[in-house]
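Per-chain numbering from 1; labels A, B, C and D assigned in written order.
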Amino acid sequence: MHAKAIVSTHPDVKGNTNDALILCIEECYSCAQTCTSCADACLGEKMLEQLTQCIRLNLDCADVCAATGSIATRRTGSNEQLIKQMLISCEMACRLCGEECARHASHHEHCRICAESCARCAQACQEAARSIA
Amino acid sequence: MHAKAIVSTHPDVKGNTNDALILCIEECYSCAQTCTSCADACLGEKMLEQLTQCIRLNLDCADVCAATGSIATRRTGSNEQLIKQMLISCEMACRLCGEECARHASHHEHCRICAESCARCAQACQEAARSIA
Amino acid sequence: MHAKAIVSTHPDVKGNTNDALILCIEECYSCAQTCTSCADACLGEKMLEQLTQCIRLNLDCADVCAATGSIATRRTGSNEQLIKQMLISCEMACRLCGEECARHASHHEHCRICAESCARCAQACQEAARSIA
Amino acid sequence: MHAKAIVSTHPDVKGNTNDALILCIEECYSCAQTCTSCADACLGEKMLEQLTQCIRLNLDCADVCAATGSIATRRTGSNEQLIKQMLISCEMACRLCGEECARHASHHEHCRICAESCARCAQACQEAARSIA
């Protein structure tokens, strides 16, 4: 990911990046990939019927992370109110998904990795939301 | 759109659809298309520099609508808390985008159509959010 | 969906819409919703382990349909080569997903509805691709 | 990004990752972010009317990269034909967008960074497509 490099060249940003928001953008794209992968790995497991809630939360979380990453990337004009709202939504999606993944972490390595990714992204969303007035 | 037909066949739904939510799903997909189209039509206008805030809000709104439409479609397991949060986020995205589009509605027919689509989607999100405990 | 209404107001289109492409845009958004719903309904079925390939193709098809619907919506500047390539990709995604859904259509009503949606979208993609030089 | 870590834990993969595909997944997510950012930075530039084709190709490329990254992530069941088709589509999207960005690279640093991201992603898609039978 090169979010800091490209966002810093925006004509309205001119190098003054909000680093909490940049970190959050990178975590959102990364967590979207991790959740997509965890949903698919769960689908390939033998104990699949125990993982349906996990798959569902994975898919929801991937959708929210992808939308939040795009929206938080945009700096032209202003839409702080919506960015903040989506950061709070994304923190919730990551917390709910991460808690469910954590329940399966001892049996499924992909759930352990996904729980960590969700925890990092939730934290990054919280800090980015605080950084926006 | 055939959201009602397919959601009603879900094994956990068995015909007992939440019609406020179904309408909202259809409005979300429709508004994602309308906002994508309005952003692109604004980009083709001669007075483009007056429409940059409109394009930005259109793109953000399309992202939130697409994510909300997907998440609200899922009925396996449960994730009501996140659905409700995203419906509120989507109502905000549609309201902000619709207000900006309404400012350009007398000059640009695509902004007039998009403002109406955003208003319908915001209303549908509000009613769907109320329908979820 | 109001794809024809809004695309026809684009400054470069001025009412001269490509109706095969407009129909295709609407089928893409509709099929993205249907496939998202079918994946989720499959996930809620008791015979889930027989539906994992169906869920996987549903999720892939929803992704391609959503991207194709957005790309085919844009008329500013030109990108016909990519639109045509994506219409061909989307026809393939819909054909593969529809064939798998058709295998489960007699057991699962959501698969029957989804197979029909995929067939309509594949047909619309083929005709839209032909309409582009 | 942690694509290799999580994909390698998939029950059907068991550590035997296709490293060309993994690299491609990471480039797709990264390029989706870069193109979203470049479209938005172009929208904030004074010489905006010279950048409308660039914005359009950026938005199209972001859509294809996001869909390709998700689809290439999935390993349950099989869909190699579609993965390959989407890798070829994504290579085309990245090549077309990268060529346009390269035209503006001397004036706009975000276009220079985006042209490089598109070139890396096009190359990664080509190599990943070759790695699939």
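Just so we're on the same page, a contact is a pair of C-beta atoms (placed from the backbone, for glycine too) under 8 Å apart; a residue touches a chain by one contact, two chains touch by 3 or more.
These numbers come from a predicted model, not from an experiment.
By number of C-beta pairs in contact, A-D leads over the other of B-D and A-D. The angle of the rotation superposing subunit B on subunit C, based on CA atoms and rounded to the nearest 5, is 180 degrees. In this structure subunit A contacts its sequence twin subunit B using mostly the same residue numbers, the overlap exceeding half.
Computed from the mean C-alpha positions, the centre of subunit A lies at a distance of 19 Å from the centre of subunit D.
Subunit B and subunit D have CA centres that are 27 Å apart.
Annotation for subunit A: residues 40, 43-44, 52, 55-56, 59, 66, 70, 74, 76 touch two or more other chains. The touch graph of the protein chains shown is complete. Those residues of subunit A that touch subunit D in the shared complex are 1-3, 5-7, 9-12, 25-26, 29-30, 32-34, 36-38, 40-41, 43-46, 62, 66, 69-70, 73-76, 108-110, 113-114, 117. Of all residues in subunit C, only 39-40, 43-44, 48-49, 52, 55-56, 59 touch subunit A in the complex they form. Taken in their complex, subunit D has these residues touching subunit C: 52-53, 55-57, 59-60, 63-64, 66-67, 70-71, 74, 76-79, 81-82, 85-86, 88-89, 92-93, 96.
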